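To keep things simple, chains are lettered A, B, C, D and E as they appear, and every chain counts its residues starting from 1.
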Amino acid sequence: MANDVLTRDDSTISGLDALEIASKQKVTSRVGRLWSATWPKVAAIAIAIFIWQVVVWSGWKPPYSLPPPADVFSDLGRYVTEGAFWHGLATTLRRAAVGFAAAVAIGLAVGLAVARVRILRAAIGSMITALQTMPSIAWFPLAILLFQLSEQAIFFVVVLGAAPSIANGVIYGLDYIPPLLLRAGRNIGARGASLYRYVIVPAALPAIIAGLKQGWAFAWRSLMAGELLVVIATKTSIGAQLTYARELSEAERLMSIMIVILVVGLVVDAAFGAADRAVRRRWGVLDQAGA
Amino acid sequence: MTSVALTGITKVYGRGPSAVLALDGVSLNVAPGEFVCLVGASGCGKSTLLSLVAGLDRPSGGSIAVEGGTTPGLMFQEPALFPWLTVRANVELPLKLAGVPRAERKARVAELLGTVHLGEFGDRQPHELSGGMRQRAALARTLALDTPVLLMDEPFGALDAMTRDILHDELERIWSERRLTVVFVTHNVREAARLSDRIVLLSSRPGRVISETRVDIPRPRRIDSSDVAAIAAKVTEELRREVGRHGQ
Amino acid sequence: GDDSGDGGGSGPVTLRLGYFPNITHAPAVAGVEKGIFAEKLGSGVKLETTTFNAGPAAVEAIFSGALDATYIGPNPTVNAFSKSKGEAIRVISGAASGGVALVVKPEINNAEDLKGKKIATPQLGNTQDVALRYWLKEKGFTTTKEGGGDVSIVPQENAQTLETFQSGAIQGAWVPEPFVSRLVNAGGKVLVDERSLWPDGKFVITNLIVSKKFLDAHPDVVQKLVEGQVAANDFVNEQPAEAQQAISTHIGKITGKPLDIKLIEQAWPSLTFTNDPIASSLKTGLDHAVAVGLTEPVDLNGLYDLKYLNEALKVAGEPEVVQP
Amino acid sequence: MANDVLTRDDSTISGLDALEIASKQKVTSRVGRLWSATWPKVAAIAIAIFIWQVVVWSGWKPPYSLPPPADVFSDLGRYVTEGAFWHGLATTLRRAAVGFAAAVAIGLAVGLAVARVRILRAAIGSMITALQTMPSIAWFPLAILLFQLSEQAIFFVVVLGAAPSIANGVIYGLDYIPPLLLRAGRNIGARGASLYRYVIVPAALPAIIAGLKQGWAFAWRSLMAGELLVVIATKTSIGAQLTYARELSEAERLMSIMIVILVVGLVVDAAFGAADRAVRRRWGVLDQAGA
Amino acid sequence: MTSVALTGITKVYGRGPSAVLALDGVSLNVAPGEFVCLVGASGCGKSTLLSLVAGLDRPSGGSIAVEGGTTPGLMFQEPALFPWLTVRANVELPLKLAGVPRAERKARVAELLGTVHLGEFGDRQPHELSGGMRQRAALARTLALDTPVLLMDEPFGALDAMTRDILHDELERIWSERRLTVVFVTHNVREAARLSDRIVLLSSRPGRVISETRVDIPRPRRIDSSDVAAIAAKVTEELRREVGRHGQ
């Protein structure tokens, strides 16, 4: 029977499981950890650029239609050294921050109220998803009606884009709070506002963070459209530059701006990712999957 | 003079053909400062009863009256710790919610963690604790509540005998110091005899009070004393008859 | 099918034609609706039409080989030509002229009154934007790209102009039809009809471009397409009432609601439908853009290829146009 | 002491708690339940229309700018009796269904893979949010490049809009699966594909449904923009109608289309809501809040 | 001949100053068909040990070898039922995963639910069960596994004495019928003496094997027999000494 014995270290694990477990082997040194977080990204980007280059080499499409990576990166280099870029980026980021902050405030408030007050839920719960599907341009007339050609009109569009998404995230989070935790919270004396503060919100925090992430994407996309609403004097913006690049058929510039948008997206995702990992570490669900 | 008065409590879960009659006309009065143990077969409605008394659910019939203006503190059958808080913060939260000042809170939390032998584990998250340690943390959190009535649902079920004996002493001390009214659910009949003034036996599905046994053994008691064993044997016999009747 | 150029004789050639559902594209819209193009192209050519709501998508489509020819405004034409270094497209015919005006609030009576006002144009650096800036410059006003100066220029989508005009956020707009008529209906008045600024009152607003690749592969099809344009143009000019009805109906098919026939009738007189691409106005417009500092000079050599048009005009017995 | 006694039924519950609990009182009859689900919606809509009417009465804006409800509803009446509307709606709904189905397939696959395979997560995990923030119009040139002026180009834009959102929902869901359930699943013999099928997916189902809902909103909004990419004369669509209504400044028609979009959104939300309630009933988290 | 062989197992949770040494050099051999009980104070590493043997965690040092090609079945300390499945479907899942045909599955599930007295509750969701009922459902799910080695972590902790006695008999029957190897964690020393061939006592933090007691009482045994009581008393004494040493 001794031959029949199986030691744990090479047990009957196969397929994805093996991959998952294999990739979990701890990398202890700091440099090593940084490296293991970085190289897959670098590799992914390198592969993407390589495929792009190969397609260009194949001559499939003319360069004015599909510009080669080198041209795009040299355009990007020029672009990011222009003052207009930095002004535009600053304007857009400021608008994104203000608009998103407003959307968060409204989305959280609406989400918390709708999730917990039955009558509100029956009245406007299903409206939230419906509003979320309304394309930004449909709001433009109303935005102008209410706010003329001011930045508020842009914020209005951003908020209407992002707040429903955030509210939906909050409602989902609240719906799945384990009843036991709510009961425990109530029992130890958390009522009304303190129940929200000490139990409901922390319990739903993971879902709220996920909702904020989705909301950010909505906010940013609405902003890219909304920035055309009011092309204010003296204020260039990424959204306007994106549209102009497209209108002037500047393929390289368009791709440069796409890269900038991706980089902004990556930075924001890193922030959300850090928040999420902190929560997951606390909750003890961090290393279960391939995180 | 009653601290908790239950009159003809019934509780039905669900509706229609799949409805479960969990409690059927339970009446029970607990005097202020009394320590009552509830025993009964698994699934007979003990947890249901506690959650009704704690006001977390509404009875389908009957009425409940509880002493004072506060809701009773309830230690749930599961630890029910908040996963986003450290053990210390979990225990501290009831104090915070009651408005206890920070300095006093710190001292009380340290004392409570000491009482349940978790002094070193205050900064851990609940998921880093063993099953029994979680139960003790939940106990500490419940003891942090300043309510005259305490409801406890198998608080020592996941503990080894030694730790449990120590916590019996602690609980008894706190009970008499604070003059608490305690309703305590347990499957361990000796534990019931060791701790309580009265043991209430529930039948199963539907839950009804079928017998009450007064425990007149003078305190301090020892769980392995013959007095305790005698009472336990009597209750066990009743319980056996009741469970046997239900074929379970 | 990927590119169209491979029709080497066997099987029918497919011509993919684009246009905008818009009054300034009247010959195209009416021609498609009335089947004029299909008729001229004959059975050997399969016609596929696509509509666009703005120039960039049409240019992208031409660049990527998804489209062979399209009616389009002068701006995207220049962009497409210069961005592809003259490789991608050729202008093979004109389609429309005129139909642009500066509409202002009634209290504005002359150029002087524009000082300190906000005037909209469809897009920074497009023909109307350049025309406005150049005109203001001539009048001695300063303007800046960013909307500063004596008169503030706010580029915004035409779709928004009516709302902003009505709400008072802007006091005027230099726009093409049908927005001119809409603004007038909303209480505006025409301060400058752009025709008054051009020799003979003619300047290009729509022309027909074809992808160079398609032109090289199927000159015969291009010839037929231009014949279709000439015929459509004749139709539009000879039977305006029917043409207007056709346009209204056709736009209705795309937008779900027929365009108000009164609006078409109102806008109609300000437009001239002509096969002449009025190359001179395009060049002058570019010179103006350079003069107001919006673009670098662009070499337009080789943009026009009008031999097919002249051939078609000869057949139709109409006067030829000058190849620039 | 008897006076000091407190009966449960009027205990020390106040504020929102009271509202929550009060609204939980069971309505038993079927009609009663339907009524209690419907009247708050009707009331909400009535209030919204009333406010709108009051603003119109106030004469704040001229009717061509802010049309009165009556005009909009009479236009809506005309609109929904036209063949063009039904054709457009059919085209759009078909595209939405196909595009969303593709996005779901891709989003689920990517989400499941990225969440569980550490190297993929490091490589492209953060790309997902970044992609999600890319506005649809930035993809138009690429869509035309790859798919010419075919419907596939529209689907491409829809998928790029919705799939990242769905993938993010899936990743979030997988990240927060209680480790105990995964361990239990493994232990009872679920490995590889069967672990996914019997444990991971059902455990993450609530989050996946929430992700699908967000994904639907992205898909729909991308579709509204993407339908302008390929407008074939004989195929009208809601997206094209929306844009042209705006371009032609037809305020009433624009609002009619917005109402149609809201109604479609409500119907879709009802479907998601039903799925979600079914899951919540099973999990025993249905009636804890005001659902 | 061993069924489970642990050699010098250590397990450290976490890193750096907050690391916890949960197990320190545990060596233990379990013969095929043997029934071993693990006892020890709360938090001493019993659950950790079972999860290592079940292959759900990796030891920090030492090696583990398990008989046959299968992983041992583990009944967790918490019920760990799948909330999206009914009780029946929970119990059925291991059979489905093992490829048992549908008809046979139905019969086996019905039998198992009967064994744990949950026959009427097959169509309920886990959240509709009481604590003890959930534990019994988890037991049924574990018994549905067809593995030669079974690991059980306080499987009867939430049950009343009568139900537990009945389940003791059932478990013993299944164990001898299937010739299972069982490693069983309990806080109830009498239960250990009632069921096992050998009782292994673990010290706490770090967990080490400090004594082994062979239980040679002939089966069938009764939990209230004096033989069982004698062994229990001996182990309790050892445990008391051990816990006392740690001040807990």
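Quick notes on this structure:
Just so we're on the same page, contacts are C-beta pairs under 8 Å (C-beta built on N, C-alpha and C of every residue); 3 or more make two chains touch, one makes a residue touch a chain.
Here the structure is a predicted model, which is why all the values come from computation and not from measurement.
Path length between chain D and chain E in the chain contact graph, taken as the least number of steps between touching chains: 1. Hopping across touching chains, the smallest step count from chain B to chain C is 2. The greater number of contacting C-beta pairs, out of the two interfaces A-B and C-D, is seen for C-D. Look at where the CA atoms of chain A average out and do the same for chain C: the two points lie 40 Å apart.
Centroids built from CA atoms put chain D at 17 Å from chain A.
Averaging C-alpha coordinates per chain places the centre of chain B 45 Å away from that of chain D. Chain centres here are Cα averages; for chain C and chain E they lie 82 Å apart.
Within chain C, the positions touching two or more other chains are listed as 56, 60, 64-65, 157, 159, 163, 167. Residue positions 61, 65, 140-141, 145, 179, 246, 251, 283-284 of chain A are each in touch with at least two other chains. Multi-chain contact residues of chain B (touching two or more other chains): 71, 78, 127-128.
Here chain A touches chain D in the complex through residues 13-17, 19-20, 23-24, 36-41, 43-44, 61, 65-66, 115-138, 140-141, 145, 164-165, 168-169, 172, 174-179, 182, 191-193, 195-196, 206-207, 210, 213-214, 216-218, 220-221, 224-225, 239, 242-243, 246, 251, 254, 257-258, 261-266, 268-270, 272-273, 276, 280, 283-285, 288-291, going by the rule given at the top. Residues of chain B that touch chain E in their complex: 13-14, 18, 20, 39-43, 45-48, 77-78, 117, 123, 128-133, 136, 153-154, 157-164, 166, 187-189, 236, 239-240, 243-244, 248. Across the complex, chain E is touched by residues 180-181, 183-190, 194, 198-199, 202-203, 205, 279, 282-284 of chain D. Chain C meets chain D in the complex at residues 1-2, 16, 21, 32, 49-53, 56-57, 60-61, 64-67, 157-159, 162-163, 166-167, 178, 182, 186, 250-257, 259.
Residue ranges of chain C in contact with chain A, taken from their complex: 54-56, 59-60, 63-65, 76, 79-80, 83-85, 87-88, 118, 123-125, 146-148, 152, 154-157, 159-160, 163-164, 167-170.
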